[in-house]
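Labels for the chains are A, B and C, by order of writing; each one numbers its residues from 1.
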């Protein structure tokens, strides 16, 4: 019976933790839809705040979507080949490179952003364009793409698969296209979701990199939190939740352990 | 590609050694000639360099400077595997998980830009030949080990390679399946008439499949020959003991007899200074009735196998002699037995 | 082989160029700018000698350490529990616990305001109960709460993955030898989860040291290092000092992760 008690104790604790995470999300959604949050729900529900956000901050939403897609394109083009090389050649040099690629994640975004500003801030065309933010996002998300692809490539016997393809006449690029890419698509997919989600939410760097003309969604959020009424901030947050919800759900599906595959018994 | 297929190729290695970047010397300089259409088996214990030699032939490794690989007399040393047109079967099968069975078998043809209809026909032909037609649309992770092996074979020969290279293709399978597939591979190689190189550490497999066997030891060729020659006339102690079972007696020659602790053996044409003789279990027998011989031992262990009894007979040497007896007799531990050796089976190495 | 090496270099080149041009070069420049201010290279020592910076370094470390400890305890209990006991609703709980996985720091700050801000839930509840309104969102306690909120989802995922790999036979063996549940926890479960704890803890710590969004949303008054850097850069326009401080901050977080990786013996994936 002591065991049951322990179970309920842990369950209760876990429910509390859940509440800690979920209640504020719920509160903020409510606040975004309430006429006056201070008065409470009695004041009535409204989409007024959401519309206000839409009218005032539409641009930030589109910029964030565009940025995250551009970031995805760049990390795919430069990250997937890099992961392949790192999987293929496991030398001290490639391990050091892998280690270095993760640095922009380990180092606080503020430092990276400052470094970019002191180096490229004087190129005014670049500094004021969204490409400046894109650079920061690529640095920050690239390791996630590389690691996610690398994890899949290290789990399969890439070398033998490629040798198998080579023995059938496939040259380097054919192997890359027919064997390497299809076999790491799980990693590419997981990495892509991660890149888009992180790019959408990146603030640490973006706050320093942005200009009044290149405000992303999180930058707009920070603005709204600081200067507008709680209901507007909440409505804005609600919009943000709606945008990243599908991404988060997809990511969760990936985070779950996959069932082991069925292998037929020898029937001979 | 012609429908008649490519002509089998003759393969020659000259002065091929291999040192890996980490300094491992996997292969000492090696010369080897493989005739067109024959099946050669590389046999030896794990780590002796079989795979390395095979990979050099395949084009997956290059020999150290000075080594040469010739296909039909043409130097292909620096030609990568994708340009050599050799079929390869890997120990781990190396089937592509992103393709179906049919996709795997047709891949080599696709790479060669064979028209779709022709690929389909050839794939069906291969599926039928390996008796796996019903698996055509399966994914690789839905196949058993034996089925994977068949797909790997089909994939390798679908492109009509000039030579077929197999690296321990049966090692991952269980014993019974191994026997079945060994027979299938044997008839397959014979019907294709292809030059084939088969790597194994299993001497029974080597004996069954090889036109010739290359026995390897520590990166060197210990002996090359037909299975029967290798078994009956091993060139070195290593070959003698690696292949089949070998009995050993130590002693010295005296007056046309080899004298050891257990007695003496008449051996007229013996080399003068033999101090150790070797022979196979089938060249020694337990004498029946009151036939007298010069050799005596005591049964150390007896295992009844049904058609015969495997005896371990203590003759005062470090190792007991192994004897296969067909006598209808119950041996028990400690029984004294008289032994007779056929002098034609005696070897000195 | 040589052909292949050339091709591999070609494939690595784009990532290498982007990385060198936009990270290595700027970081090197940041380092030199850090030494180019009024005080010269002494700016790098200021973090230890100037009490303003030292205080902020210490409170940053303190809040990061507290975050790490709290997150590990919370996620350890819930993660192991959810991995061990499969009951109806388990999957839903896991989804809810990992749902805020990629909330950015600003949003987390807002969540803290919803809970502990001036119009927050905790304030309303405490006012109803005691007549006194408890508001702590805009203090270092609020920051702590935000960092714990941020760290729980990813830590629970790590713990669950590690708990799944624990061999239940070890536990059964310990039980069969007469170990109490408490001893089993101490002798089998915690040692088995140690690598996961080390790597997840390092990530908690590093993010808490370097995060900026949450502190920014909560208030400018919280004296943690990222806020100090931001103030130096924008308000005081002391770029050299900001550069020196952020370079040091970068080194500290990187070191924490590197040490943890060595200790855990497995790769610690850093996370934002």
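The definition used in the following text is that contacts are C-beta pairs under 8 Å (C-beta built on N, C-alpha and C of every residue); 3 or more make two chains touch, one makes a residue touch a chain.
Quick caveat: nothing in here was measured; it's all calculated off a predicted structure.
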- Item | Chain pair with the greatest number of C-beta contact pairs | A-C
- argmin over chains of |mean CA - global mean CA| returns A
- With chain centres taken as the means of their Cα atoms, state the distance from chain A to chain C in Å. 16
- Query: With chain centres defined as C-alpha means, what is the inter-centre distance between chain A and chain B in Å?
  - Reply: 54
- Note on the structure: Cα centre of chain B to Cα centre of chain C, whole Å, reads 58
- Note on the structure: Multi-chain contacts in chain B, i.e. residues touching at least two other chains, fall at 80
- Note on the structure: Listed in rising order, chain A residues that touch 2 or more other chains are none
- Could you check chain C for residues that touch two or more other chains and list them? 3
- The chain A residues in contact with chain C across the complex are 6-7, 10-11, 13-15, 17-18, 20-25, 27-28, 31, 37-38, 74, 77-79, 81-82, 84-86, 88-89, 97, 100-112, 114-116, 118-120, 135, 138-140, 142-143, 146-147, 172, 194, 197-198, 201-204, 207-208, 218, 221-222, 225-226, 230, 233-234, 237, 240, 244, 247-248, 251-252, 255, 257
- Of all residues in chain B, those that touch chain A in their complex: 58, 60, 80-83, 85-88, 90, 92, 94-98, 107-108, 111-112, 141-147, 155-156, 159, 165, 173-174, 177, 180
- Within their complex, state which residues of chain A touch chain B. 156-157, 160-161, 163-171, 174, 178-179, 182-183, 185, 261-268
- Query: Within the complex, which stretch of chain C touches chain A?
  - Reply: 3-4, 7-9, 11-12, 14-16, 18-19, 22-27, 29-30, 33, 74, 77-78, 81-82, 85, 93, 95-107, 109-115, 119, 121, 149, 152-153, 157, 161, 164, 181, 206, 209-213, 216-217, 226, 229-230, 233, 239, 242-243, 246-247, 249-250, 253-254, 257, 269-272
